[in-house]
Structures are given as C-alpha cells and as structure tokens.
Amino acid sequence: MELSNSQLLEELISVQGVASDESRIKSFIKEYVLRNQGKWKSKPHIIDGIGFQDAMILVFGNPRTAVYAHIDTIGYSVGYDNELIRVGGPKNIDGTILVGNDSQGEVEGELMIFENEYNQQRLQLSGDRTIDRGTLLSFKPDFKETKEYIQSPYMDNRLGVFVALQLAETLEHGAIVFSTYEEHGGNSVGACAKYLMNNYDVFQALICDITWVTHGVVHKGGVAVSMRDSMLPRRKYLNKILAIAKDSGVKYQLEVESAGGSDGSVLQKSDLPIDWCFIGAPEDNVHTPKEKVYKKDIEAMIELYQVLMNKL
Amino acid sequence: MELSNSQLLEELISVQGVASDESRIKSFIKEYVLRNQGKWKSKPHIIDGIGFQDAMILVFGNPRTAVYAHIDTIGYSVGYDNELIRVGGPKNIDGTILVGNDSQGEVEGELMIFENEYNQQRLQLSGDRTIDRGTLLSFKPDFKETKEYIQSPYMDNRLGVFVALQLAETLEHGAIVFSTYEEHGGNSVGACAKYLMNNYDVFQALICDITWVTHGVVHKGGVAVSMRDSMLPRRKYLNKILAIAKDSGVKYQLEVESAGGSDGSVLQKSDLPIDWCFIGAPEDNVHTPKEKVYKKDIEAMIELYQVLMNKL
Amino acid sequence: MELSNSQLLEELISVQGVASDESRIKSFIKEYVLRNQGKWKSKPHIIDGIGFQDAMILVFGNPRTAVYAHIDTIGYSVGYDNELIRVGGPKNIDGTILVGNDSQGEVEGELMIFENEYNQQRLQLSGDRTIDRGTLLSFKPDFKETKEYIQSPYMDNRLGVFVALQLAETLEHGAIVFSTYEEHGGNSVGACAKYLMNNYDVFQALICDITWVTHGVVHKGGVAVSMRDSMLPRRKYLNKILAIAKDSGVKYQLEVESAGGSDGSVLQKSDLPIDWCFIGAPEDNVHTPKEKVYKKDIEAMIELYQVLMNKL
C-alpha cells in the first residue's frame, strides 16, 4: 500500500525548521496552501504576519474547532567551539549526522558524545571548522517508505502537518493552526487560540501531533486518542470526542500516559478556557532520526480528524 | 462544639470531582446556590457556561476582591491493565480504598504499591476486572467529626468551598470563584480573573484553600495567613491584609514556607496584574484520606474572610 | 576611566527591593524620572498605578520596541525562628551580611549555613533577637569602583536599570519597562507587554539585564547579545539585531548558553506574540554580594541600546 501524497510528507521533512527558526517551513506551507487551495472543497482565509510570528492560521467557513499542528522540530544549537546544546529533547546518539548553514556555507557533521569522570555528557560536532555560534542544526533528512511503514527524522511533527494539509482538502468549517516553538519551552499557540476565540468563538482544540509507541499504544492499533499525558484534557470534552470516535468506525486506541506534553499543555496552562485533546498516530524511535509510523495508523488519523471536524 | 452546617461539608466531600472532571461538583454547588440564595443577604449574579469550562463565578454587589476556592481534588487515572497514575499529588499509601465508575458500573478497589529492584514504584488497583482506561478514581469518602476536629479525604479543598459558601450568606460586595484544575497543572483561574478584571475592575484575590500543619503553623493557632509558599504575594497587598487581620480580633497565625503552591501561583505566573494572598486553616495528613482540621480554626477562617471582604 | 553618572548606580543599589517588595525602588526611579526628564531629549509618558502593581512604563514618542529592566533583586525571607528561605537564587555563602527591617526596627545579621547528616542545608540568621516572620532581607550594600571594574551586590539588575535610565536621556521613540518579580517565579512583564501591544502596537522587546561571565563570554569582550539561554529568541528577530550590531561598530560578543532565563522567558511562555532578545554586559560572582562588571562593557551596553532603539 502507498500512502497517498507521501511525496508531500517527504518535502515537508526536507525543509529545516528547528524551534525558534520556523520562517522557512512556514513559507513552504503557505506556498503549498496558495498553490493548492483552488482544488479544495472550501477556500480558507489565511491569517499570518504581525502578531503571529512564524505561525499561520487557516480559517474555513464558520469554525467551531481548531486543529493545532506544530511546524517546528527538535535539534541542536552550536555553542562555543562546536559544542552542541539541545533544542527540545533530541535523543543524543553518537554518530548522528547533523546539518545546517552558517556564514561560511553548508554545515554537515557528526554528533560526538564525550563523558567525563562524573558521567556528565558533553556534546560536540565533529570537524575542523569552527561553526558560527548559535547556528541551528537538525537531523539530516533520510526518508524511507516501506510497504507498511514510513521511517524518517521529524515524523514528529511533519506528519501532523501533513495530516492537517490532507484534512484541509475537504474541510468546510474549522480552523487549522500551524504553530511554532512546541518543542522548546513555549510557542505561538496562545496567541492563535486567543485570536480564534475572540474573532470566531472557537473554544475547542484538537492537537494534531505524533505520540509514542508504549506497552499500551502500539503500531497497527489505529490512531491514538490521548486520555492524558502529563496533563489531563477536560473530561466532558474528552467524552464527546470518544463518543464520536466510537461511532465513526475508524480504528483508534486509547492512550493513558503519565508523561509528555504538547500544544495542549500550553492551552491548559494558559488563561484561555479552551478545551483540547491530543489525537495522533504513534511512532517508535521517538526524537531520533528514525521515527517510524505504521501507514494505516496515519490513514486512521486523517479519517478520524475528518469525522471529528464534521461532528464536534 | 459543633461546626454549624457541617452536613454541607460532608455532602460536598461525597461528590466526586477529580481534577479535569469537575462537572458534577460544579452542578452540585450551583444547585446549592440556586436553592439557598433567597436566604442570603445579597443575591449573587451567577457566571458560568461557555468560556468558563466547569468553573463558576458568583458576583455580589460591586466587587473589589475575589475569593478563589478550587473545586477539584487529587486522585488517580487508571492506565493500562489497572495501573494507576496520579492526578495531582496524592500520597501513595498501600491499601487506600479508591472509588469511581466506568462503563461496567461502579469501581472500588485498593491501591497496591509494587517496588522493583531500582526502588521504582508501580501503582496498581486490586481486583480481577480490568477497569476502562482513563477512569478517574478518588479516595472513598470517610467523614469523621469529633468534638474538636473534622477528619476526611478532601478537606483540601472542599473545606475551602464550604467556607466560601458560608461567606456567601452575608457577602454584600465581592466575588467568589469556584475554580478547577488546581491540583493538576493548570486551571480556570486565569480566565475567571481576567473576566472579573475586565468587567468589574477586580484586582484583588484571596485564595481560600487549606494549608499544611508544620512546625510553624499548628492546629489551634487560628487561620493561617500565608506570607509565602513557593511564590511570594506582593508585599504592599500583604501588608494591607495583615493590618486588617491584626485589628480584627480573629485568631490567626503567619505562615512562611519555601514550598507549595495554589491558585495564587497561577495568578502570579499569568500576565494579569492581580494581587493575591493565601488564607486558610491548616490540616495535617495532607493529601491522604485522613486530612484533619481543628474546628475552631475553620471558624476563624470564616470570620477572617468576612472581615477582609468587608474592609479590603 | 570613570563611568559617567556612577553615583546614580550606587544610589539605585542602596534602595532595597527584594522580589515582591519593589514599591520603594519603584518610587525612587519614578522620582528620578520626574526630576530629570526636563533635561532629556524627549519627555516620556509615565504609565503606572492600578493594573501595573509596582512596575512602571515610560513611553517616548511612537515606540516600536520596549526595553525591559527588572527592578527587583534576590534575597531571603525570614521563616520560623530566624530560619532563612531564599527569594530567587542567591548563592548561599556563610558569613554574608544581610539587612532589612521589621516591626522592631533595623535588622542586620550574618547568614549561617548548617548542614545535617544527609548533607541538607539549613540557613539561619545570626543574632539573639527573633525577627518577624516574613521579613525580607537583602545583601548589605557594598559598592566598589576601581579603574576598570565596578563590584557590588545587585549589579543584576540595578545596572540594567541604570543603563535604561542613561538610554532615556536621548530616547525619542521607544518604551522602557521597569518590571518586577523577575528573580522569583513570575512578574509584571506580561501585563506591561500586553499594554504596549494593545495601545502602541509594540511587538519587539530587548531584555536589559546582566549576564554571566563563562568560557564563551568574557570581561572586556563588550556587551553580550544572547543567542539563547534556556529559551531561544526567534531567529528572524535575532538576525535583525545581529545585523544592526555588526554595522554599529559597538564592541559586542555572542552568547550561547543552555541555562538561565530572564524577562524574555516570561514573554516566550506567555500568549503574547512579542519578539525578545537579551542584551547585557557580563558579570562574574553571579548572585553574590560581589557581582563585578567591566566598565567599558557597560559603556558598550549603553551604546548598543542607543543604536538598536534607533534602528530596530
């Protein structure tokens, strides 16, 4: 089986967008929307620019619910003398190939881990050249599609962006927020949610992101509806979603975890009375260059979003 | 001595309301208000529904100060195969009886603690039946009133709610916020505070919650006015409160702690310029089914709130 | 070389203002502004009072960018029986002299560190008298100016306030925010930023604060432009600043750290779409009574702020 349109996913993954530096991936998505919206069921109103940093909102018809897909990725900052500092929580693996650009041109090197006598790790980029301070590096793209799986860096969350763009094709009423900074300490979710609440009375959110394979959430189990991670969605809203999912016939599984967070956590901790729920396919090899997702779980994710945006 | 109206406290404790699932306790409180407000000195304006999730505000006259009493409790989520995950910070005690409901009906079981070779704890619910994923459980109600003390699960914060409802009987000018999610990572405090600030120019808050017996704050010492916990109230506002408390003749004690937080912390970390101060009776056996409060400390708490809402 | 106007810096340091208790230092700064604004190039509009707690904003002309200088300091709260609890993150050094006031008058004593068998520290104030609970203490002022350096408690951030007041002398278009609570868990930054955004369309912030000497950021290296600490400024905004700094001829150095935070972190975590960047001279002996800054780095800091507020 082929995932329809998987070339778009590969392209999304090829555009660098480490948290804080999302301008290029934002432009890529905006151009894709402008180029394709003519073929969509409903043409969205595009909201971006001043007051939205590198985030972007698509508003279709009269939205009741907003889908949040973060466009940033994890990565590394180059510190002093090629030391590496994490952006978000990448898993540090010796030999991982990192890429980026500085004033001297393209950068490509290996992540090297040094451990001192106190078991403290120092991360270093291989190579002779001293890279500009503050340069942002990310995993080198390496997209692999097999019969059943897609494996690539940054399935989290370019796959969520991909799903949102598939959803856009048939969406009549709803909003899609392409948010920033999710992987590192804060983001644009609050500003976008406030805008949608004040201008469109949108009080419902769905977090379109990728979750983890655990002993309770597995490949081939369908899309995961998260009943909690470190945060808990409001039960009344969750129950509404579960009732629709149950009726839908789409394959889904229930997630109950103690850790992890998402754009939903940002909404939860804000002073915005917005309900949220995380819904996404599970991946293994989380936060490594080999994030792997089962293709039919992706299809279930797209289908469940289509049903929910219609009925919620 | 009898605490007047302690039956109401017992009823409040009997209604489940684990953080994220406050709809039932909110309805209970709303019905109580509707049934009793005719006997009150002043009839409040009730604000709830869309934009407030499961929180509720009572506005009396022209409010200058808002009292915050959180209506949620700590508890547990059922994970995979009856594993238990904490909601908020309950003290895990082997054999604690937990109750709740799932699709098969009522749930009652014991908390079991298993420790592995690395001293890591796994929490498990006893019993043969596999409980629905995500089911929320709470301590089984067990209300005990003696001559001097009340002991029960969830004095934190059904006692704060009780005090707020006693205060409501004579309140002429002021607001009472029944807030949600206090025990777990976020809440509705910000939305309610913003509403009161924008619509009623309310810039002052009192946090009506229960604190801890420590070597500096003791049973029979009166209501505690907290000078700090993990957060510090603004000194100018605190000084105003201390001057009123001193003049009032009500028995109180000063708390200065390094840890702990409350709805006040949420206000502190928000972008709302709202002054706050935590004022509440102390309990011991914190976050266990045996939270215990001295009855005259409760009376002092009610009295101090009456004075402060009048003079602040 | 003499730092021009260093007497003002010494005066700023002599006024106590532990986080949560900034009313006196705020009054001092306001009086300074009222007394001196007649000599300034442009007279600011002063915004303070209700809705701003102990913070204050100066608005000059048509601002595009706001400078944030926090007016609070680290220190200690007196707990039970003269125990000391930290406000912010002071470095605990045995014998440090602390000062303050309580109902019995002036307080002066030494910080004593006791360690128990588990290596847990208890901090205690020396002296026979029991100090009022909740009394706030700070490092005793001890200002030293040599040919090359200034050393004093609270260079962080009275030096930032000093720089902002020097900048005010020639500022034509811009805002200066004197913020509170930066050292302890929250502050007034959000309220001020929201006000400036809503009333003046200000979406740009510069964090005028003091950073740390590390192996990458050194005395005599000029003012530090921070490319990241625990948080990352948005790259697009950072690039704009770096281009102006490069052209300016002012001596500056690039900071890339993994830890630390500032008023910028508060903006980052808020729902306000405000860009921010930390720019400040480096000090060593951070959070001790001997914070030390190279004088020409201070001059570079003033100069870079002048250029940026003009061109950004």
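In order of appearance the chains are A, B and C, and numbering begins at 1 in each one.
As a convention for this text, a residue touches a chain if its C-beta (ideal position, glycine included) is under 8 Å from a C-beta of that chain, and two chains touch if they have at least 3 such contacts.
All figures in this text were calculated on a predicted structure; none of them were measured in a lab.
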| item | value |
| --- | --- |
| Shared interface partners, meaning chains that touch subunit A and subunit C | B |
| Rotation angle (°) superposing Cα atoms of subunit A on subunit B, nearest 5 | 120 |
| Numbering shared by both copies at the subunit C-subunit B contact, with half separating same from different | different |
| For subunit B paired with subunit C, centre-to-centre distance based on mean C-alpha positions, whole Å | 36 |
| Subunit B: positions in contact with at least two other chains | 270-272 |
| Complex interface listing, subunit A residues touching subunit C | 19-21, 23, 50-55, 77-80, 85-87, 133-134, 136, 181, 184-186, 188-191, 193-194, 270-272 |
| Subunit C partner contacts - residues on subunit B that touch it in the complex | 203, 214-216, 227-228, 230-236, 238, 254, 256-258, 265, 268-273, 275 |
